[in-house]
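I am attaching a structure below and will ask some questions about it afterwards.
Per-chain numbering from 1; labels A, B and C assigned in written order.
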Amino acid sequence: MTPSAGSDPSLWVLFRGQLRRDLKLAFGQPSELANPLAFFVVVITLFPLGVSPEPGVLAGMAPGVLWIAALLATLLGLEALFRRDRDDGTLEQMVLRAQPLYLPVVARMLAHWMVTGAPLTLLAPLLGGMLNLAPEARLPLMLGLALGTPVLVLLGGVGAALTVGLRTGGVLLALLVLPLFVPVLILGVSAAELASSGLDPTGPLLWLAAGASFAITTVPFAIAAALRIGVETG
Amino acid sequence: MKYIPDALRRLWHRMGSPRWFYETTGPWVPWLAAAAALLIGVGTVWGLAYAPPDYLQGDSFRIIYIHVPAAYLAQAGYILMAICGVVLLVWRMKLADMVMATVAPIGAAFTFLALATGSIWGKPTWGTYWIWDARITSVLILLFLYLGIMGLRRAIERPEAAGRACAILAIVGVINIPIIKYSVDWWMTLHQPATFSVTSAPAMPAIMWVPLLLNVLGFNLLFAVSVIQGTRTEVLIRERRTRWVTDLCRGEQA
Amino acid sequence: MSHAVLDICGLRCERDDRELFADFDLRIGAAEAVQLRGPNGAGKTTLLRCIAGMHPEYEGSIQLLGAPVAGERLLFVGHRPGISGLLTAADNLRWHLDLAGWHGAGDVVTAALTRVGLTGYDDVPCQQLSAGQQRRVALARLALPTAQVPLWLLDEPFTALDDAGLNLVSGLMADRLAGGGAILFTTHQPAPELPGLSTRWIGAAA
């Protein structure tokens, strides 16, 4: 990809540079990369054990279980999102120097989604099969996750940015972002449920797409504003 | 033509002064409190003792005289916080932050009241104290949003940073509130046929809705007086090192 | 009238309810360096952070070349290195270039690493380097083309450096001054020989 004619090449450099750095950082620690995914799988394994291994029961709750596990796995990955950058001072350099801050924030969230939301989306149909999810619901489930996890990552990014300098991060972060996740959860689960009962899942998927476009364009501004507070002398 | 914007601008600047707020609102408090007590007193006694029982729910419907105003103020409080957040972020008005800090616990209290009365009402209506009704679920999530804001403010040590952080969260939250509300409503229609719909009674006779109106007005005043009084306290705490506050305290001791 | 590079007027700053400084004025012109001295806790770091826009609770005016301070017109080296320990020195410097939107030609990263005496370390993750070497990576930012900005704010640039490192950093600072830049820095060590250097005390000692 190259910048379109007439655009400022330094903006493209800024975006690409941040994305490259964050992906290098993520792939530099394979264990941290794998942890949220392992968590996703383990949580899903608990449901047949804790509720019922009955295929009919599992099929009924599969969309909800998959979505809630995806939501918690996303939450798990959020805590460290900006913390290391703050501790080593790279966050303050980014806030200070990047012009506009919006671009590296988008790159940061995109990199984070590529290593959390995207693998969860790809893994979901497999786990759906293990939970006896109706075959016709697998594609809507995946599409829902593909559209919904960016929203989760972005909203979670606001929480992570707001709590970046705090000692009590983890629990507070969950309290801040989980209520905001509710619409995504409802729409995502509905798409899969509608499809498994033979109905058309397009409605909730379109709503999710609308939500994702809105979140991608607006939420990075909130993250940037929160990061500016986070790097202030604490 | 030019006179009006100037006057407005002066008013706006004065409103930004915590001291102006403290001194101006002082005399209002007893009057507002008295009016709130009168309205709530009349509305509640009327509603509980004189309004006729509902033809379907009997006497249990009377809880709406508390539930409806509380539920309405729970949402209005969050919107007020978000408005204060915008004012703080755009105009850096410290007073907006003080109002925001005061509204959070008060709004949370009204939200809790709405939940508690809704749940008590649920017992005679649905036979259980808790049901995942769309409205009550939305209010529960609203309570979580309030708790998040309060938790964030407590966790950040510098009040100035805490104010701006809460402002961002309140703005993100207020955009989400209607989305949460509509998604929860829609989720309910998927999962069960609309249960007993309570406030869809358009033909409520005047003897039933007038006390409700009185209570709504009274609760509004109660909310306002709580916010004003809380903000006045907040003003004194935050400005405790300024000259006018130390003078004020010295005057009270003398 | 031409503007000073940095012009601070009537600055008053509080931290944790304690007044750090009041009525503080400071002007730094082009090709001038100011060493900020004062006891621990006098507010040296806070002053640098005020200027950089990372400590908003102050009153007074701070101007950079006659305009409000913009982050891209200054270079800030703080206590935190601004270097990620998991990435190599070269990757870290490359990111700093990208951050400033630099898209010129030439292997400026290698040149900067050579300048600070870290030739051959470019593919070692920074956390495997010694403290002094990590400090040098952080200071290699001063040798990048993106460091050609009007104002440098350096908080304790000489800590953890050996004599050679100290000479290196003062050399970089002298180059910047020769190029017309202004520098404000803090140190507890005796300041190196620099053209146009003056000392400014803040806090109790005066």
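Simple rule for what comes next: contacts are C-beta pairs under 8 Å (C-beta built on N, C-alpha and C of every residue); 3 or more make two chains touch, one makes a residue touch a chain.
Note that the structure is a prediction, hence the values are computed from the model and not measured.
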Give the chain pair that accounts for the most C-beta pairs in contact.
A-C
Centre-most chain [mean C-alpha coordinates]:
A
Between chain B and chain C, the Cα-mean centres are separated in Å by 48
How many angstrom lie between the centres of chain A and chain B, each centre taken as the mean Cα position?
32
Distance from the CA centroid of chain A to that of chain C, rounded to the nearest Å?
36
Tell me, which residues of chain A touch at least two other chains?
232
The positions of chain B in contact with two or more other chains are 158
In chain C, which residues are in touch with two or more of the other chains?
56
Which residues of chain B touch chain C once you look at their complex with the stated criterion?
158, 160, 241
Name, in rising order, each residue of chain C that touches chain B in their complex.
17, 56-57
Per the touch rule above, chain B residues touching chain A in the complex are 89, 141, 144-145, 147-148, 151-152, 155-158, 161, 164-165, 168-169, 171-173, 176, 179-180, 183-184, 186-187, 190
Within their complex, state which residues of chain A touch chain C.
8-11, 13-14, 16-18, 20-21, 24-25, 28-29, 84-85, 87-90, 92-99, 104, 231-233
Name, in rising order, each residue of chain A that touches chain B in their complex.
155, 158, 162-163, 165-168, 172, 175-176, 178-180, 182-183, 186-187, 190, 193-194, 211, 219, 222, 225-226, 229, 232, 234
